[in-house]
Every structure is written in structure tokens, then in C-alpha cells.
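What follows is a set of structures to go through.
Shared between the two complexes below is chain A, which pairs with chain B and chain C, respectively.
Up next, the complex of A and B:
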């Protein structure tokens, strides 16, 4: 977990306009996206993506910026979402006038209140103890959802109707209307979280993460710095929950449990915890994987699991870190010299991975397909899983591809070192 | 009275089962300073391996072969996974074991399917050994208690009476000194990780027929095992034993006594409000002990961590 090098640069080096540049670009992109991908299914995916981004960014306030590993972050998103759902139902019942765009704010404040209460005892210690308390609190709240039916709605959850709270004549009936609401909140909360990381509290969170003892010697209480980050992170998780409530109009126990907390850890870590944009990258990639892979294969979670473990073992800086690693070489104009060696490893590697995936898919088909159903289609080829030929072909592709990739790896490493030696220092 | 005795035996079975997992986990924690999230996954692997082996050569060989296989898997995870991630720090190690737990669950689903598998206790143990009043005690329960007790005694003897045990104990607290004396500390770590995983595997082999062998069994038990070692005090073997038994009895007693919250509050002199349907706390009045039983361990853990952050027997700064 390296320092937030990107934030340092943007503040010190460039002017106010330069710092605002990426945000204006992001706003434009968010505005244009529905025109490029207008189909209902892509709007659904983009909504889901935006909610996951807010949630992952709030999670990274803990993991990346304050060094606190939480196994119960879904609690705050869920609590915010449940409260938003109740507020929505109260609006309908008592005919209140509260426009829908303000709902995430209310959800965030409620989640912040809960985080302020739970944080009182959970942030006293960092590291393993914090992780364990967050796990315990997470399980406790998830279990309470079946017991306190008045708030959590038991097994069927709480549902509502978002069209009861129109805003400026908009009824929010269609997913596209909701998209702009979510995009607005995404931008606002991302900006809020970014600015938080620049405040003295946000900077101290980094210091406490890296060396709590020295931070204490400087006169800061490590515990209260952690508490501040925890409460702020709870607020933004609650905003994500409010957005979830608006988008899906239902919340269940599933939004609170360990599986969701683990999912957001996976998303954030995959994207890279050391960079502000890391969770954004992670959320985009994960949502795409989830929605594309789950249509193609039943065992997509196996691939996601392999990807996650491989990320922790080989690229702990995540996807954003992987991209940022190429910064020095790019500035030195040496990126071109890497293309050849990369292709010699990545192309056979992709073939090998496809071969392994084909073996998995055929095995899965062999086990689960109905008796008599022996044909399967993989990579646009239809074949019989009970004959030997496809197995031999897949095994050959897997072994050959991985062997060639392994053989090309030293050359790639050498080219990488060479490119960075000329770029003089930089990452790694 | 009879019910108390029967519940005591059931709670002992659950507690000892928990101890077989928590003892390995707490040893691994005091050795490497990392909580192994995948520990319960090794328990699951034990059950599935035993199921697969028992289909070919029966339960009794499986009881010995499956834990050995699980131990080898555990040792390989330490050697090629954890040791690699170690340089990135404790948080990365914790995340690695968390990812491993997810992966093992997916692999188990991939290989053995999503449903329960038919893994049953051997027929030679499927009879009632004795009965207390009207309650029959299955021989398999007593067998589980015997296996767990034997393992505990063996573990205690190995750790305190043998040369290997001395080296392990020394390596827990002073790894550098032990290394300087010429012992291969990484090998010791790998061995302890493997044996800890094998212990979890034994628990899986004997618990699989009773608690069911399905891909979710690691998650069901996993978080309870964490609670156990946190309550007992991270790194304390005695704490793990006391907390395992405490939580075993707590959950079993809660499951077998149907005391409603209304009775309890009534005994304290608090009357329920006249109109229950409007009150926000209406669900509190209809709660019963079996309903809240599953969350009692978590409540206990949060309370222990609030009032005694090192756990009941912990002395080590986690």
C-alpha cells in the first residue's frame, strides 16, 4: 500500500484549474455515457456500476487511506438503504414533500449516526482486532435483520416506490431518469471523498495508517483519527445505500451480510487500494465481469475467486497500480519497447488461460448437464464433451500457452527493467 | 435435570468440535500473527475428502488419510501462498486468506456440486450407546468426544513434553533466537500450519456426517471459530479451550430452552404495552431464546472486546 502519489501531485504541482480537469472530464463522461449506451440493459449495468463505485470508494477510505480492514462495511450501506426505504414509505404514507434526490443524503446521515455509535468501540484498535470487531458487528446486524422485523422487514426485506417523491416534475419512473440522479450523487460523493482525503484529518489518516506511534508522538490521537475516517466512510456508504434503495426499490438481508462486505473488499482490492481511482477501476471491471461473465458461464465466481487470489499474490497494488507502474516508462517514451515482449507473454498466456477455462467448462458440463445432453458450445465451437478430442485440444492449448508464456517472462522482465532504467527510477 | 445433562453432552460435542478448529487457528495466529480466514475451509475440505475416500475404502481409513491430505494442502498454502504475501504485511495476509476461503468454497462447489453430499457416519457407530431418562445418546457423539479429547491430550503432550514441541514454543515467541540456534524456523512454521490444517481436517471428517457436508459448511462454522479465539484471547490455547466450551454450551442451551423474552421481562416486572402492533419494539416481545441463540456468540465477542480487548485469557498485543 503505497502513498497516494496522485493526490500529492495534483495539489502541489498544478493550479486549481488543472486539479479540476479530471472532474470536469468525469462529469462530461457521465453525461454522455447514456447517449452512447442507451439500451435498458446497459443503463441497468451503469446504475449498478455507479453505486458500486460510491460504495467501493467509501470502503477505500478505510482500507486504503486509513489502513483499516473491515469485514462488515455492508452494514452501513445496508442500514442507510433500509432507512431510505422507510423514509420513502413515510413520504407515501404521510404525504410528505421530500424530493427523491435528497434521499441519499438522509440515508448517509443515518448510516453516519450508526457508524458514530459503533465506531466508538470498534476503532479503538486497528489491524486484526478492528477486522474481527467489524466481522462480529456485521454478523450481529445481519442476524438482527431476522429478529427486528419492524426495521429490516424479515426475510422479504423492505420495498417501496420511488415515484412518490417527484423532483422538478421528474417522476423517476425509468432507469434513465434514475441514472442521472445516481450519476450526480456519484460525482458529488466522489468529490467529497477526494476533498476529505486532502483535509488535515484525511492526511492524518494516512499518517496513522503508516505509523500510528509517530502520529501519536506528533500529538494526534490515532484512535480519534481512525474514528473520524470511520464515521466519514460510514456516511458515504450510507449514500451508496440510499442510491441502492432508489435504484432497486428493495433491500433485504443480503445487503447487510458478510457476502456483500466481502464483495466490496474484493472490488476495492482488485482495483488497487493505494490510489484514489483504484476502487473506481475495480468497480467498473468487477461489474462488467459480473454482468458479462455470469451470462456466459455458470462458474463465473470460480474465475473471480482465482482472479482475486492471483491479485493478492502477484499484484497487491491492484489494477490501478499496474497502470500507474507504467507512468515513468511512458513519460520517457519507452512504452513502445515493451510492446513486443508483452505480446510474447500475454498472447500465449491468454491462450493458455482460455485452455484452462475450457477444461473447467467441459468438466462442469460433464458433471451438471442432463443425461443425453452431450453437446456443448464453447468459444463458438460446438462439440461433444464425451469424446477425447476437445479435452486433448484444450489441454494442449493450456499447457502450450502457459509454457510459452513462462518462457517469455524473463525477456519481458528484462525489457521492463531496461525501459525503467532509461526512465531513471520511478515505480519499482 | 435430565434435559440439562443431555444438553451438557451436546454442548460438549459442539465445544470440542470448535476447539479442534480454534486450537489450530490460535497456534497459527501466535506463530505468524495472522488470522487464517481459510481455516474453516480446511475443515470443509476434510469432510469432502473423507466423503470421497469413504466411498471407495470406507470411513475408518478416511479418518486417517483425509486429515493428512488436508495437512499437505495447508502446508502447500503456507509455503507457496502465505510466505509470498508475507512481505506485503498483515492486512494483505488477512485478505489473502479471505480470498482463499472464497476460492476453496468455489472449488468445492465446482468439484462436488452445490448440494449436500451423502456422507454418513459408519454403520458400526449408528446405535444408541446409552440413554438418560428418555433421551438416547448416539454412540457417534461419544466417539466424537473421544477423538477430540484424545487429540487435545496428544497436542498438549507434544507441545510440552517433546523436543519438537519445545522448538515450536520457542519459535512462537523468539523466532530469531531459535533460528540462530540452528533450527529451520520456516520449516517449523510450515509444519505448524500443516498440522493446524490437519486438525481442522479431522474436525471436518468427524463433523461432516452430523452437521452436513455442503459448500456452505465453512461459512457456517468459520465466523463462530473466529469469535471463539477472539473471546478466548488471540494466541492462547487455554483461552481457546475455555471459549470453545463456553460457546458450545451457550448455543446448545439457548437452542434447547424455549424461554420467551416476554416471560423474561415479565419476571423483571416489565409489562408489554397494550397495543403491540404499533410499537417499534414489538418484535422484542415475541423473541425466544432459540431465536437469538445464533447471535449470542457475536454478542459475547463484542462485549468481550469492549470490556476486555485482549480476550478472556489473552496477554498478547494483537
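Up next, the complex of A and C:
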């Protein structure tokens, strides 16, 4: 994969097909996915995933590309979404003809306008000042949602009907109909954001991220470079909001509050901010966790939190960084030598994690289940949470698994070092 | 006579009650290589920062090609044709050598805040960056993140980034600081080569470099210029001997 890194050099020198290759693959994949996972629930998850990808990529234009930590990015997705919802209602009310596929563009332009206004003062400084202003603006707009009821619809939000805007005879009644619309916009937005990173403004965003002062001595105002990234990022966040409006047909305060802003930071960081595909990985993993894990357990957010903390602590480059880390060893054909040591850590580690999770779940059951309801089913086994045996079993699995994993870790590290030593030696 | 590249008159800078620059007049002609020397704490770096817009002057005027630039922002000064390097290496550490140089060329080649050009397809831009990379002998390190270069290589890149935009007034702040003898020779050759036909203002502690490179020298002591002239004039000036050079030259002779 040649286009993984933010510090990637020019596309010149590579063939046009080489540069377009990953995009053609992505388009094909998006095209066949509904055939592989055709059930309504899968399509729902994929729609949600695609929207989160667009949102996370737009967030990474700030965090990864321009070095701006925002705590209020949901504002732009939310504003775009609310506006799209209103446009949809206007179409119905005034019998306008505006095909649904153009709605995300309108949402994006509206969010871009808002970003252009807010960015005028928020992008003067980077770092803590920018982060604090983004937090303040986020709270401000979220508070406005119960004040400016005409736009935000108060507590019940704004809802609409996407079938009022047919396109080429398509009514977009079912989630599957919407899937291709969302997939199209996902591809278009991702391509747009990727190409943006290759423009003079996008390159200078990296320069300003690395060293704003030096950029100023090269003729660029760090502030206006940040502003450019901010406005562009606002546009794509708005596109995500428009897609959200189309998919869910309702926008509420939840779409622009702090929790959503925090979620997208988590998603982006989980995937890896240093890689263009990082946010894509993060959004896919997070959406899967959210939709699959939340069906299994009420305390799924606890696990997501643990995963996030572990990522920040052990893999600050994110999941994409974890994958990219194996590039040199793979090119040297040394990946096989890692399989054994990895298995000796990961298998006991998984058992240990399952044991810890079982303890969490049993504790949660003990505290929240109705009195008299003492039976619990975990890992396909039904047992009584008030007896000692399951607690002992779970604790033993947790302690034993983690002990074995920790004991295997030095060997894994040694194997890793060895594989990379050979990989680097071979390259010279 | 043509307009000087740089013309400073009555320049002062106070930080609160502390007077750091106490009235400086200095003229650098076009094409001249001018060195500023002086003891530590004389205000050399402050003078640099005033000229390049990092600080605003308290009073006085700074003219670049006859145009007042005192108090302008660094990017505005750079756009008028003045570029500087830093005493502490100041590059883009996470970007590759090539990317560093290409960013240095963007504004000068007129791309401004463009989001409709693809940098990879701009021929003049990429060839320009490649050419500077050749000049500073870093072609072999093209795709290495700048933060991973050796110290001397980072200094060379710093100079490459400084001259990249084609500014006609180049200001170098201690370009050979912390370098070995061979590295210093390499950097001096490089400076001589890349500042051909441009005006150079340089702060430097290494007297070998100063006397080898400069057409004229100014001696800054305690926020004032006590002497300006050709190297041999400055070397023979008794006041300079007493205030600064005597001690330095003795030390160099003792060391050499």
C-alpha cells in the first residue's frame, strides 16, 4: 500500500493506474459488499459505518493533517445534518425538485459556511487555545439546540421524509436503496480529502502542524493555513451530516453535542491519525464494536474505553500504525516467524481478557438484575451468579491467561526485533 | 547608488525596562555578505528577530529594498524577499527532506493557499526542490523524515529551506554552531555557493568562517554597533580589540 502515510511523497513518478488502484479497489468493494452482506441489519451497519468514515476522515484533516485537536467537531456534522433535514422538509412543503443525492452537497456547503465563520476566530491559535475554543463553541451550539427551536427542533429534534426527493425513479425507501447513495458520497469525499492533502494548502497544513513558526518564515500565515484546513474539514463533516439526515431521517441535539465530538476523536485516534486510512480503520472497528457488542452486553462502552486507553498507551500510532508496523517484516518475508510467538501471547491474552470481561459482566449482573433473578448466561453457559464456582472459574481464567501472556511477551518482543533486524539488514 | 538591500536606522528594542537594542544603524548593500559578530548577550539574535519580524521594534526603521518592514508579520516580510535560518534547527521534522524543500518553494512560486493544484504534478516546483536538494547534497536522503537526519544534514536542510524560496536577502543565524571542522568547511562552501548573487546577513561565532566569508563585518556590543567595515579594518580597530576580538583571537591562537 503506497498511499498509507501522511508524509507520503508526490504521486508523480507512479503510474496513473498505480495511484488510482486503491480507489478502484475501494469502489469495487463498496459495490459488492451488499451482495455479500445483504441482510437489512448488515446494510444498516454498513450505512452507519460509511457515515462515520466520512466524519472521521474529516476530523483527521484537523487532527492528523493540521495538528488541530478539536473537541467540537460534531457541530459541523450536526449543523449540516439539521440543514439537510430542513431542505428535505422544504422540498416536501414547496414541492421543489431536488434529487436526494445532491442533499449531502448542500449540507456540506452549509457546514462549510458555518466553519468559515467560526474558524475566523477559532483558528487564530493552535494547541490548547484552539482546543478550548472548539469545546466552548461545541457547548454553545449544543445549548442553542434547546433555545433556537425553529432550527434545532428542541428536544425532539427535526425529522423528515427522504422519499420526497426521488432520483431517476428511485425512491430511497429502503436502507439498501440508500446504501449506494452513501457509498457514492463516501468514495467521493474520501477522494476529495485525499486529493486535498496533495495540494499546496494540504501540504502546508502538514508543515504548520510540524512547525508553525517555520511556515511563517516561508511566506505562509499559519493562521490562514489552519483556517483553510478547518473550512475544508467543515465541508466534509457537513457531508457526513447530510448522509446522516438521509439515512436516519432525524437529527437531534445528540448529533452535535460533546459526546459525539468525543466519539469521533476516539474513533480517529483508535484508527491512527498518522495515516490516511487510519480513520477508516477506526470507524469500521468502532461501528462493529458499537453495533455487535452493544447487542451482547450493556456495558460495551466500558470495553471500548479500555480499548481506547490501551491504544493510546501501547499503540499511539493507532490500529493502522499497528498494521503498517509490520510492513518491513512482511516485505522481507519474515511475517511467518512472528506467528508462533504472537499466538503464545495472543491466545492466553484472549482467554485472560475473556476472564476479566466475565468478572465485569457477573458483577454488573449482580448489581443490576432484578432480585431473585440469579441465572446468567455468558459464553453460552448459564449459571448462578450468587454461587462461588463461576467467580472462581472466571478469576482463574483471567489470572492464568494474563500470566501466560505476560510470560510470552519477552519472546514475542525478541522475535519482533529479530524479524525487523533481518528486514532492515536485507534492505541495505 | 542603488537602494541598499537592507537599511536599518535608529533601531531600538526594549523588553520592559531592559534595553536590548540601543540604537542601531546598519546598511547592507545588494550582493554583500555581511557578518554580525559580538560577545554573548550583545543582542545579535534579537537584532535578527527584529529584522525578520519575530519581534516588533520599539522604535526606528527597517527597510528592505527601500520598503519599510518594521513590525510586519514574518510571512509578510518573507513574501517581500527576505528569508532566514535559525540558530536552533527549525525544520519540519515529520516531513521528508523533499517535502521540506518543496514547502519552502510553494509561496515563492505563487501557489499561495491553492487547493486546486496537485503538488505532485507541478513540474517547476518538483524540479526546483530536486535542484536545491542536489545543491545541499541531500539527494540521497530524499525520502527520509527530516527529524531523522544527522545534525549537519539538518543544518544543511535548514539552509536549503532558507534559500529555497529564492529570497534575495538571506539571513543565517549561526549556521555552523555545534559543528565539527569538516562539517563547518562543508557548510561554508555551501553558503558561498548558494548565496552567490544575493545579499547575506549572518551571525557567527567562528572567526575563521566570518573572516573567510564576509565582505563586511559589524561588531555588536551591548546593543550597539561599535564598528563596521571590511574584515581587515575591523580586525585592526582598537575599540573592537578591547571589547571583543582581542579576547577571541587570543583564545583561538592559544587553541590553534
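In this text, the second predicted complex is superposed on the first by the 414 of 428 C-alpha atoms of A that agree within 3 Å, B and C clash if a C-alpha of one lies under 4 Å from a C-alpha of the other, contacts with A are read in each partner's own complex, and residues count from 1 in each chain.
The rule is simple: contacts are C-beta pairs under 8 Å (C-beta built on N, C-alpha and C of every residue); 3 or more make two chains touch, one makes a residue touch a chain.
If you're wondering where the values come from, they're calculated on a predicted model, not measured in any experiment.
In the superposed model, A:302 lies in contact with chain B only, and not with chain C. Contacts of A:214 after superposition: chain C is touched, whereas chain B is not reached.
Contacts of A:173 after superposition: neither chain B nor chain C is touched. Looking at the shared chain after the overlay, A:96 reaches neither chain B nor chain C.
With both complexes superposed, B is the one of chain B and chain C in contact with more chain A residues. By the document's definition of touching, neither partner reaches A:24: not chain B, not chain C. Of the two partner chains placed around the shared chain by superposition, neither chain B nor chain C is touched by A:339.
In the superposed pair of complexes, A:366 makes contact with neither chain B nor chain C.
Look at A:228: by the touch rule set out above, it reaches chain C but stays clear of chain B. Residue overlap on chain A between its contacts with chain B in one complex and with chain C in the other: absent. Interface residues of chain C, counted against chain A in their complex, comprise 52, 73-75, 78-79, 83-84, 86, 90-96, 98-99, 102-104, 106-108, 111-121, 126, 142-143, 145, 161, 164-165.
Those residues of chain B that touch chain A in the complex are listed here as 33-35, 81, 84-85, 88-92, 94-96, 98-100, 102-103, 105-107, 109-110, 113, 219, 223, 226-227, 230, 234, 280-284, 287, 291-292, 294-295, 298-299, 301-302, 305-306, 309, 318.
Taken together, the chain A residues at the contact with chain B in this complex read 1, 63, 67, 69, 71, 121, 124-125, 127-129, 131-133, 135-137, 139-140, 143-144, 147-151, 258, 262, 265-266, 269, 299, 301-302, 305-306, 308-309, 312-313, 316, 360, 363-364, 367-368. Within the complex formed with chain C, the residues of chain A that make contact are 6-7, 9-12, 195-196, 198-204, 206-207, 209-211, 213-221, 224-225, 228, 232.
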